[in-house]
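Take a look at the structures listed below.
Two complexes are shown next, each including subunit A; its partner changes from subunit B in the first to subunit C in the second.
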Partner chain A sequence: MEALLATLVSGLVLGSLYALMSSGLSVVWTTLGVFNFSHGALMMVGAFVAWTVSEVLGLGPVVGILSGTLAAGLVGIVIERLLVRPFYSNRNMLLITAMTTLAAMVILERGAQMIWGARLKQLPHLVPGEVRILGTTISAHEALLIVLAPLILVALWRFTVTTNRGRSLRAVGQNQDSAALLGIDVPVAFALAFGISAALAGLTGALLGSIRFVTPTMGSEPLTKAMIVVIFGGLGNLGATAGAAYLIGFIEAFLILGLGLYWTPFVLFLLMILVLLFRPNGVFGGK
Partner chain B sequence: MRRLLDINGLEAGYGAARVLNGLSVHIDEGESIGLFGPNGHGKSTLLRTISGLLRPTAGSIAFEGNDITTQRPPAIVAAGLIHAPQGNTLFGNMRIAETLELAAFSKRARAEAARRIDEVYALFPRLAERKQQSARTLSGGERQMLSIGCALMCAPRLLMLDEPTLGLSPRLKEELAAAIAKISKTGVPLIVVEQDVEFLLSLTDRLYMVEHGEVVREISSANAPDHEEVMRLYFGAEEAH
Partner chain C sequence: MANKPQLLAIVALFAALAVVPLFVTDSYIRHLFIIAFVYAVIASNWNLSLGHCGVFNFGHLTFFGIGVYTAAIASKTFGINPWIAMLLGGGTAAMSALLLAAPVARLKGIYVVLVTFAFTQLVLQLVLSQSQITGGAEGMVRLPFLELGSYSFLKDFKFGYYYVGLVLLAFSCLFLAFVSNSSFGKSLKAVRDAEDYAAARGISVARQRILALTLSAIFTGIAGGFYAIYLRVASPEVFGFGTLSLALSMVLIGGVNTVFGPVLAALVLTFATEAMAGLQGFEDARFIVIAVAMILVLRLAPEGLVDLLGRLRLPASKART
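== the complex of A and B ==
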């Protein structure tokens, strides 16, 4: 019973992480129709900047995390401007941007290696101490991640549904000409979507940096999981994406409990292949 | 008389294909105009060029005395030059109420949003009934109403409607024509693209016949040609080529 509850909590932590990651991918996808392969690297940028500001400059984890979020957002806007925007009117935009964002990932990872070196780094916990949930003990920092993730998702959802600025992102994703004729600046909407998505990745990375190690390739494993999530939930609907994120988090946690770490990725990818074969539009139906 | 819109020698097209060949039209203050002519001869391209979706390769566009030839759509919309494009599908998964609120995007439009949304619902009660439905579920006529409603939310100083009754049943067409006439009566100048010349004559002050990206004829509604002459214009002009 105790192992079961511990697994539930661990699934919740993983689900929160994947939800933050995949919702950022979803924002870029619904606005630009681009899958951003540098999303994991942007997460790493957030973690490294947070570490530098917090530990090297000594400004503490709060300022560090805020700086990491902001820095990743800015890098995202630069990636959009230099590596995505030139290909908007290209017929093969999806394929080309897959390659250019992969290139961005490589550039960012190698760049981080050059700037920060290969030694493992870790951020301090944002909040010290431990918390007991469902009879298991986790760090207060992980508990914060569990609470923060749904709050951020709801804020993001409200932004895209209740504010004109947020709605403009959805509008541009569905019909660029109609949006432009309402006075929406399409390139600004693209940059904003990329910036928000990258900032979310940066925040996730900075929070993760005190649970796992901060390394140049720390983003690739969460990005792979986020890809499984979007294959399960689709990318068009924030709610479905978030739901799938928690589902994958729980599945992963229980697989680790039942099969161990070694076989878990194997089963997850097998599930992904099955979904692609039989429900190519995602488990939660729809188009 | 001052000119509201003044277009001179406009040339534009898609890639190597030039559609507008030195087209010149104007609207004086206080009047509305209609555009008609065969399909594929540049009427929609003209509207797309005016609203900045397409950049002209030659010629000039001035609105209220300001040169807007090289302006981008956001600036043109902010100036009040609003375009409801042909077959506007808008945003499939956005609800009607949301879409109308979004349409008041420019600063000037936002200030008038609350009043204008009531006016749009009064003009098109069907939209008011379907506020919470997404645009995807609307019929062709309702979608056209939403498109015009959005254009009104943009706080137009000049409203360009591209074939607002295209493909609609006679009854719906009448309903929309009546709504457009109502909009015109509130003092909003119009540029209307339509195939139905008699509808245009009743609605606007002057008509331009556009062919091969040029104005080939100008007609004043005051001394309007009769039905037969209109028919001759349409089909006779075609035979001439």
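== the complex of A and C ==
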């Protein structure tokens, strides 16, 4: 029983992490129709900037996390401007932007390696101490992640549903031409979507930097998991993506309990292939 | 696609490559040529699925890695003759491609990218987790080397390995030229350019995709086997982003519509990256330079540099009329 509860809690932590990662991917996908391969690298940028501001400049973890979020958001806007926007009218836009964002990932990762070096770094916990949930002890920082993730997701959802700016993102995603006719500045909407998504990645990275080590390649494993999530959930719908994120988090936690750490990624992938064979648009995917 | 001047240029290139070791005795330069041959096989075969068939395959390096580990395990663990172990790499790579192609053939757009990309991660995880078979993160070392009769290929400053690599590249090019000029190759382009029309004309889109992926894996896997036997090492690094982006840039810079563009790009880029690796402080920066070059090519010459060269001559001939 105790092992079961512990697994549930660890699934909740993983699910929160994957939900934050994949919702960012989903925002860019629904607005621009671009799959951003540099999403994991943006997460890493957030973590490194947070580490530099918090530890090197000594401004503390809160300022660090905020600057990490902001920095990642800015880098995201630059990526959109230089590597995505020039290809909008291209017939193979989907494939080309997959390649350019992959190139952006290489540039960011190697650049981080050159700037910060290979030494392992870690951020301090945002909140010290431990918390007991369902009879399991986890660090207060992980508990914060569990609480924060749904709050951010709901805020993001409210933003796209209730505010004019948020609605303009969805309008652009559905039909660029009519959105432009309605007076929506399409390029601004694109930059905004990319910026929000990148900032979300930066925040995730800064939070993850206290749980795992901050390294130039720290983003690639979460990105791979986020890919599995979006395959399960489909990319088109924020709610479905978030649901799939928690589902994958729980499945992964239970697989680790039952099969051990080594076989878990393998089984997850096999599950994914089965899903694709029978539901090519994802478990919760509509069309 | 291969008109007469092109064909002559290709024959001349291979003839030139065939005499290089007679003049170049430095073992490091020969090593660079061998690595370039391996990358040329990877890039030009990748082009078969990515360029000719339009399958957004991001998992091509997995076939290479599977070839590497097949040859390593077959030769070291089972003591199979390394010549045969190399060829076995092509077989297992093609089988894995068939396995991957089954779900991929049914998918569209971004989901193809995601699945093929995640496939690489799956195989990497498998290699890392089965450390008693694959050596885990450290990989496998001291693999058996090639011998022909009593001649050891370790002698004569890589002279023998150079020709094995060149012959491998030549066979791979012949194979690709044959495939792309056959009616099958033409149907691949039809599937890429007008999927609905191709389907209406009776081409099975799914079957062509499965075939293209499987065919593109054969020589890639053999190249992986050769790479492992030549370096006598199998390491999980072959699945990494570094190898992937380097090979991808060769396909893009060489041009996605040709057989020989990626081959040329592989030769040029291998030497360019190695030259940069020699410069102080460029160990990481060279990957950034290549990534930037890839973006610039996509931006300025989406059909590849080889195509750009071809187009430069075109306005001149038009000007005369």
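Operating definition for what follows: the second predicted complex is superposed on the first by the 286 of 287 C-alpha atoms of A that agree within 3 Å, B and C clash if a C-alpha of one lies under 4 Å from a C-alpha of the other, contacts with A are read in each partner's own complex, and residues count from 1 in each chain.
Here is the rule we use: a residue touches a chain if its C-beta (ideal position, glycine included) is under 8 Å from a C-beta of that chain, and two chains touch if they have at least 3 such contacts.
Please read all numbers here as calculations on a predicted model, not as lab measurements.
Colleague: By the touch definition at the top of the document, which applies to A:V147: first (subunit B), second (subunit C), both, or neither?
Modeller: After superposition on chain A, A:V147 lies in contact with neither partner.
Colleague: I'd like to know which partner A:V161 touches here: subunit B for first, subunit C for second, both or neither.
Modeller: Once the two structures are laid over each other on A, A:V161 reaches subunit B alone.
Colleague: After lining up the shared chain so the two structures overlap, which partner does A:L4 touch, if you call subunit B first and subunit C second: first, second, both or neither?
Modeller: Neither: A:L4 stays clear of subunit B and subunit C.
Colleague: Does the superposition put A:R170 against subunit B (first), subunit C (second), both, or neither?
Modeller: A:R170: touches subunit B, not subunit C.
Colleague: Name the contact category of A:V62: first (subunit B only), second (subunit C only), both, or neither.
Modeller: The answer is neither, since A:V62 touches no partner chain.
Colleague: Would you sort A:L95 into first (subunit B), second (subunit C), both or neither based on which partner it touches?
Modeller: second
Colleague: Check the residue A:L182 against both partner chains and state whether it touches subunit B (first), subunit C (second), both, or neither.
Modeller: So A:L182 only meets subunit B here.
Colleague: In the overlaid three-chain picture, which partner chain does A:L120 touch, first (subunit B) or second (subunit C), both, or neither?
Modeller: neither
Colleague: As a test of reading the superposition: which chain, subunit B or subunit C, is in touch with more residues of subunit A?
Modeller: C
Colleague: Would you mind listing the overlap between the subunit B footprint and the subunit C footprint on subunit A?
Modeller: Overlap of subunit B and subunit C footprints on subunit A: empty.
Colleague: Mind listing the subunit B positions that touch subunit A in their complex?
Modeller: Checking each residue of subunit B against subunit A gives 51-53, 72-74, 77-78, 82-85, 88-94, 98, 101-106, 109-110, 150, 154.
Colleague: Please give the residue numbers of subunit A that touch subunit C in the complex, ascending.
Modeller: Contact set of subunit A toward subunit C: 29, 35, 83, 86-87, 90, 92, 94-96, 98-100, 102-107, 109-111, 113-114, 220, 224, 227-228, 230-231, 235, 262-263, 265-266, 269, 272-273, 276-277, 280.
Colleague: Within their complex, state which residues of subunit A touch subunit B.
Modeller: Of all residues in subunit A, those touching subunit B are 161, 164, 167-168, 170-171, 174-175, 177-186.
Colleague: Would you pull the subunit C residues touching subunit A in the complex into a rising list?
Modeller: The contact residues of subunit C facing subunit A are 56, 58, 102-103, 106-111, 113-115, 117-119, 121-122, 125-126, 128-130, 241-242, 244-245, 248, 252, 284-285, 287-288, 290-292, 294-295, 298-299, 302.
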